[in-house]
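This report concerns only the one structure given below.
Chain nomenclature is as follows: A, B, C, D and E, assigned in order of appearance, with residue numbering initiated at 1 for each chain independently.
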Amino acid sequence: MNELAKELAARYGARDWHDRRGDLSSTVVDPIRLHDTLAWLKDSAGYAHLSFATAVDNIERGVFTLTYTVRNHEQGHSLMVHADVDRANPVVDSIHLLWGQGWTYQREMKEWFGIDFPGSPRVDEEFVLEGWEGPPMMRRDFDSLAYSDATYEGRPGRVTHDPATRMQERLYPEAGK
Amino acid sequence: MRRQNEHVIPPETRATPDLSSGKYLVMWQGPQHPGITGNMSLRLVADGDTVVDCETHVGYLHRGFEKLMERRLWMQNFPLVCRIAVPEPDFNEYCYAAALEELAGVTVPEKAVWLRTLSLEMIRLASFLMWIGGQAGAFGHGTIAQWSVTMRDYVLDLFEELSGGRIYHMYIIPGGVRGDVPDGFLDHVLETMQVIKKNLDDIELVMFHNAVFKMRAVGLGYIPPDWVDKYGITGPNARSAGVARDLRKDLGYLAYPQLDFKLITGGRSDAFERAELRLAEMYQSIDLIRQIVARMPKDGPFRERLPNPLHWKIPAGETYVAAECTRGEYGFYVVSDGGDKPRRVAVRGPSYTHAVSVMERLVRGVNIADVAGLMVSLHTYPPEIER
Amino acid sequence: MDIKDFIAPFAVWKRAFEKPFTVKKPIDERPGAPRYRGFHINDADKCVGCGTCEAICMNRAIDLVPVEGRDAKEGDSGLRPRVDYGRCCWCALCVDICPSGSLNMSNEYVWIDSDPDVFRYTPGVEPKPWDGSALGYRRAEGYRLLDGTRVPMPELDHHEAVKSFLELVRGWSREQAEKEADRCVSCGLCIASCPAHMEIPGYIKAVRDGDLETGLRLLYQTNPFPEACGRICTHRCEEACSIGTDGDPVAIRWLKRYIADQVELADYSKALPRKEASSGKRVAIVGAGPGGLSAAYYLALLGHEVTVHEKDEAAGGMLRYGIPEYRLPYPALDKDIGYIESLGVKIERGAPVGEGRSLASLRERFDAVFLSTGLPAAYGLDVPGEKHPRVLDGVAVLAAATRGQVLGLGARVAVVGGGNVAMDAARTALRNGASVDILYRRREEDMPADPDEIREAKAEGARLVEKAIPLEVKDAGGKARFVWNEATMVQKEAGKRPVPEPIPGAIHEEIYDSVISAIGQGPELSYIAEADGVEIRRFKPVVDRDGLATAAGKAPVFAGGDLVNDRKDAISAIADGHRAASAIDRLLSGKGA
Amino acid sequence: MSDKKIIPAPLANEGLPPDERGLFCDAAPREYEPARGIMEDFANWARSESLWILGFGTGCGAIELRPLMTSRFDMYRYGIQPRPTPRQSSVFVIGGYASVKTLKRIVRSYEQMMGPKFVVALGSCTINGGMYWDSYNTIKRIDQYIPVDVYITGCMPRPEALLAGFQELKKIIRAGRAEGQNEYARNFEWFKANQKKVIKDWNMPDYNW
Amino acid sequence: MNTASFQETLDFAIGRERAAVEFYRELTGKAAFAAQKSALAEFMAMEEGHVAMLTGMKSRGAVNLSPGAAVDLGLARRLAAEEEPTAAMDFQDILVAAIKKEERSGDLYRSLVAAALDPDVKAIFERLEAEESRHKRYFEELYETQVARDN
C-alpha cells in the first residue's frame, strides 16, 4: 500500500498514513482536497465502494475529523480518509455526485454535528430528529443526560446509597474529615 | 406477462411534479402502515397508480446509540449494541467485540471463534426466515409467514438455550463468548436444522412456484450492476446484480476461511431473484451450521480474561470492523482516545443505502401496490439507519 | 411461468394432515430455558452490599437500599441491590460481575401489572414467586468479569530468606501493581474496617491511573506511615474486601507500599500539603512510635510546635524495635519518620519521661501532652523457673537484634507464644542459625499472629508445637529444660472459644539453649504519678473518644496507641494519633471540643 | 366514573394552518358513559374477547408480535388480531421506547382509535426509560403522554409474557376497570401539556378525532 | 435453720472478705505508681462490696447468691507467683496474686462444704464457693485477654 500512500501524498498532500490492520489503512488530507482525493480514489485507484462516512468531534483540537472509508474490493483493502475541519466553521465539499448514498451521510453529519455540505440534496432538512431545538447532539459538549433529565420526566422514588458512605454513617459516624 | 425480465432503470433525477395541479396524489406510507418495514415512512407522490417520486423519512426509532455509547464504559456498551438491529443483534455484538479486541490487542480463544460463527450463522438464518415471511406477505401471501416465523422461533429457542435470551442474546462479549454450549445443545441444533430444511423445501415449492408471486416480483426493482459501487450496495442485493462480494469470503473473519461454502450470485437482479438468492443462502446457512457443529473444538476456554470492566481502558486508536450480515456490510467504526469510554462509535448498516438512496430511486415508476414488496425485497431495517 | 406455478401452491394442503406448530398453552408449557435471563434472585446473606452490580449497570437500574434487620457491619454495607424493571435490560452483567456470586437470575419472565410503580424490588429480601429458582442464568463455569486471583508478590525463596535479614517481600513492578489495582471495584467496604479509615479506593485508583502523587496525598490524609503500613499493617481492610468474598482480596497493603516506595522522599513535599502558619502552641508527645509520630505529623501540619520525647536512641517504637528488618527495613521506616521530621517535628531521642523529666513538668512547659508509650514490657511466662537466665523475653530479643547486638541464642531455641512477636522472634532466631520450636497453648488456627507470618515462619523451618501449656523451666547444665503439658481443646462454654485443658500425664520436655517468652506485653506506666491525676483503669489511661484523658491540672493529657486501644496494631495507633491531633488542635485553637 | 363532566373550552388547533383548523374536531374527548348493569357486562365481555391491535411497531417490542401473530403462538385463538388502521383497532401496543418523533405518531394514532380503547405497554422502556434513560430523543414514561392499562415488563417481553399481558387486559376489561380512555378524557389538558412539552413542532390537531 | 450457725457462717465469711480487703490494702502500700494503685483499688473495692453484701445478708437473713459456679480456666494451678509482688509489680503480677487469692478462698470454702454437717450451712458455703469461683473466673478472663494475649 505504500505506493498508494506515496501517490496520495504527491497528488493530494495526504499524510499520516497508518496501517491499522492488514486490510485497513488510514490517511489524512486537507478538507479542501478531500473531494478530489475521494474522486481519484474512486475513479482511478479502485476504491469504488464507500463503506460509510462520518465525523468525530475532536473538541480539544477544535476540529471535526471527517472519516470517509472507501474499499477496494479487488485488492481487498479499505482506506479511511480523514480530514480535519474547523469546528467553528465546518463546511465541506459535498460528495453526493460521487456516490449515490453520499447525501444521506451528509444529512446525518449536518444534523448530528452541524457540518455543512453546500449543494447536497435535502441537507438542511431534519434527518432523524423532529422539532429539535438543541445544538447538534453528537457534539461532545452536548450532554445527553442533562438534556434528558431536563426534558423527559422520570419515575420518581429512586434513591440509592453509597456503600462506603453508608458504612461511615452506621459504623463510625464521628469521623468527619 | 408484465415486466418479465424487462429491465426498467428508473430516472436518476427526481421528478418535480406540480403538486398544485391536482393531478398527483401525495400519500404517506408509514410509519403506521402494514406495508412498511419497521418504523419508517415514505412520502410518495403518485400519478394514478404509479409512484413518480418518493422521499424517505427515518428517525422514528432514533435513540442516539452513538451518543449513549460515548457515555458508557467499554463493557457497558456490550448490552447496548445488540439493540441497534433487533432481528440480527449478534452482528452488532460481534462487530463491537471484534473492534474492541483489535484495539486492545486481545486474541479470542479458538472455541469462542467457532461459537461466534455459529451464533452469526444461526441469526442469519433466523433473520432470513423472518424476512421471507415479510416478502411473501407483502405480495399477499400470508401462509409463508405462518411457517417461517415459527421456524425462526425454533432458532430463537436455540439461542435461548445457548445464551439465555430469545431476542437479545448478549452472547458475544468482548473477549469471547459468555458460556460454552449446554449439554445436548448441538444435537438440538442439528435437529432444528433438519426441521427448517424440510420447511424451506415447502416454501420453495409454495412460494417460488407461485404464479402470483412470480408475476409481481419478477422484474420488480431491477438493480443494474453499476449501481453497486455507485450506491454502496452490498449483500444479496449486490450479489443478485452479479457482483460477487461477500465479506465472509473477502475479509475471512472468524471461522469462515475454514468453512466450505460458495459465493452465490445472480444476474437478473430483480425482487424475485433476490428472494431466490436469499433462499439459497438459507440453505447455505443450514449447511454452514452443520459444518460448524461438526468441526467446532469440543473443549477449551471460551473467553479471554480482560481487565476489570469497571476500569478497562483501551489504547488510543481507531478501527473499522465489518461483517456480512443478511443485508450486506455491517460495520462498526470505533475510535478510542485511550479512555475508559469510546470516543466515537459509528455503525454502518446496509439499510443506510438500501432503504434510502436505492429505495427512493427504485420506487420511481412502480405501482403503489408493489412499493411494500419492493421495499421488503431490498431487505431493509430502519434502526440501523438512524441508530 | 409454467403449469407448476399454478399447481405447486396447492401443496400447502398437505399441511392439514401434519402436526400443527401451535403451542397449546404457551404460558404454562414454555418455562424459560435453564439459562434464561429472567428476574433477579439474590442470596441476601451472601451479598455484601458492595454495589458493584450498580456500578456495572449501564441502565442505572440498580439502587442500593437499606434493608430491615440488616445493619452495616465490617465487610457488609447492609445495603442490598434493588432492581428497577423500568430500567433493566436483562443483560446480566450484574450477575457476571457480582464479586460474591450472590446475584443470579431466575428463569421466570412474566410480570404484569397496571401500576407502573410496582416494577421495583429487592431480590432476596422481598419475597417473589421465583425466589430460590434453581433454573435461570448463572455465570458459566470458568467465566468471570472480575479477577479473583491476586497478582503474585515476588518474595525471597525461603531457603535464601533465612540466611539474612534482607527484606523478604520484594514489592511490585509498575505493571504488577497496576494489574492488581485493576482488580479493585472501588466499593469502599474496606474503609470502615481500617482503623484509620484510609481512602483506600482512592489510592488504588491512583495506582491504576499511574498518578502516584495523588496516591501519596491520599495516604497521608490519614496515615503518615505508608512505608511501614505498606509492609506490616494487619490489613483488616483486606478481610472486608468484596473481591475476597469469592477469591483473593485485593492486596491493599502491597499497593500502599507500592505508592510509598515509588515516590522519592525528595518529591514528597510536592505531593503533600504544606504546614499551616505557626499557631504558637506547643505540644509534647511521649513516645516516638507510630501513634506519637502520627499525632506529631498532623499537629505539625496544623502549625503547632511539636516535641516528641523518646526513651530509645532511635525513633519508631515497636516499628523499629519490635519488627525485624526483613519485614520492615530501616530505610523504609526512616523515610516515613524523615518526612515527619522534615516538617519541623523535634524528636528528643534517649529522653525517657519519668524521673528528671516528669509528666508534670511537660504539662507545665507545653500546652498539651499526648501519651503514646505503647506496651514495651514483656509479660513473663509465670511458671516456676521463669527467672532462669536462658529464659529471654521476646521484645528484648527483637530490640537487641535491631541494635545489632550479639544475640547468643544458641542452636536450639524455643519460642513460647503465638502472636506476631513470637513469629518475629522465631524468625529472627532462624536467621541467627538456630533451629526453632514455636510452642503455642492453642491450635494454629487460634494464633493471633498474621497468617502470612505463621506460614512464612513454618516455611523458613520453624517447627510448630501446638497445644503446649508451659509448666516449668528447669536448669539443665546452664541450658533450659522446658516442660510443657500437652493440651486438648475443650469447648467449655457455648459461644466462647475453646479452652486448652491439660491432658493428665502428657508431659513433655526438651532442652533448649534459649527459651523466648512472647506471651504478651504490658505498658510501662511508672511515669504517671498519682499527682498527675490521670485516671487509670487496669493499667490503661481512661480516655474519651478523642483520646482525651481525665486529668487534673491545666495542660490537657491525651493518650493513644497500644497503651489504650484494644487492637494493638500500628494502624490503630496511627488512627489514635490522628484523632488526638485533631482534638488537640480543636482545644488549642479554641474551636470547641 | 366522576359525576362532574369537565367540558373544556373548544380546542384551538393552533398548530395547524388556519385553513385546516376546521377539518378537525375542536372538542376535547369525553368520558365514556357505560350502559347499565348486565348490558355493560356483556359489552365488556365482547370487548375483551376481540382485542384488535393496531399494527404500529413503535419500537423493538414489535418483533415479538410476529411470532404471536403466526402459527406458533397464534393469538387469533384468543380473539386478538392485528389491524392496519387505528379506526379499526381497540388495543395499542407500545413496543418499548418511544422517540419523540414516534411519540407524535403515537398520540395521533391513539386519538384516532375508536373507543373503548386500551393501551398495553411493553418493556422496561415504557415504565422508566429502560436502557435509553439518558437518551436525548426518547421519553422515559409513556404514561405521561397516553394512559396505559397494562404494563408487561421485560426486554423484550417474550410472546408468552405478551399473551399473559393480554389475558390480564381481558380481565381488567371484563371487570370494567380499563379506565385508560376515561383517564385521558379526565386529564386531557395534563396529557396535552406533557405532549406539547416534548413534541416541539406541534403541527397537528389538538385532538385528532 | 439454726440461726446461730447461719450468723456464725456469715461472720466467718465476712472475716474472710475483710482479710481479702486487707490483702489488697497491703499491696497498695507497696505500690509505687498510679497505675498499680488504681488496679488494686478496683479489686479492693470488689472485696469491700462483698463485705457489704454479706453484712447486709446478715441483717436481712437471706442469701441471694446464685449457686452456679463459673468455668475454671485452670490458670491458678499453673501460674507460679513465686514471690510476693514488689513495688515494680505490673498488671500480670497483680492479676496472678488476685487469681491465687481467689483460688485459696475457693479451696477453703470447698473444704468447709465438705466438713459442714448442717445442710443449710453447707448450702451457704457452696454458694460462697461459687461466688469465689466467679471472681476467679473474672480475673482469669482478664489475664487471658489483657496479659497472655499472644499465648
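Just so we're on the same page, a residue touches a chain if its C-beta (ideal position, glycine included) is under 8 Å from a C-beta of that chain, and two chains touch if they have at least 3 such contacts.
Being a predicted model, the structure only gives us computed values, none of them experimental.
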Intersection of contact sets, subunit A vs subunit D, gives B, C
Which chain has its C-alpha centre farthest away from the C-alpha centre of subunit C? D
Could you pull out the chain whose C-alpha mean position is farthest off from that of subunit A? E
Just to be sure I understand: the centre of a chain is the mean of its C-alpha atoms, right? Then which chain's centre is nearest the mean of all of them? C
Averaging only over C-alpha atoms, locate the centres of subunit B and subunit E and give their separation in whole Å. 90
Cα centroid separation, subunit B vs subunit D, in Å, comes to 31
On a C-alpha centroid basis, what's the spacing between subunit B and subunit C, in Å? 55
Averaged over CA atoms, how far is the centre of subunit A from the centre of subunit C? Could you give it in whole Å? 49
Check: subunit C positions touching at least 2 other chains come out as 21, 32, 58, 84, 86, 89-90, 116
Multi-chain contact residues (two or more partners), subunit A: 128-130, 137, 142, 144-145, 155
Chain pairs satisfying touch are A-B, A-C, A-D, B-C, B-D, C-D, C-E
The subunit D residues in contact with subunit B across the complex are 54-60, 62-64, 66-67, 69-72, 82, 84, 86, 97, 99, 101-102, 105, 109, 131-132, 134-138, 155-156, 158
Can you list the residues on subunit C that touch subunit D in the complex? 20-23, 26-27, 30, 32, 58-61, 84-90, 109-116, 119
Which subunit D residues qualify as touching subunit C in the complex? 71-74, 77, 121, 124, 126-131, 133, 141, 143, 148-155, 157-161, 163-165, 167-168, 172, 177
In their complex, what parts of subunit A are in touch with subunit D? 128-134, 137, 142, 144-145, 147-148, 151-155
Subunit A to subunit C touching residues, read off their complex: 155, 157-172, 174-175, 177
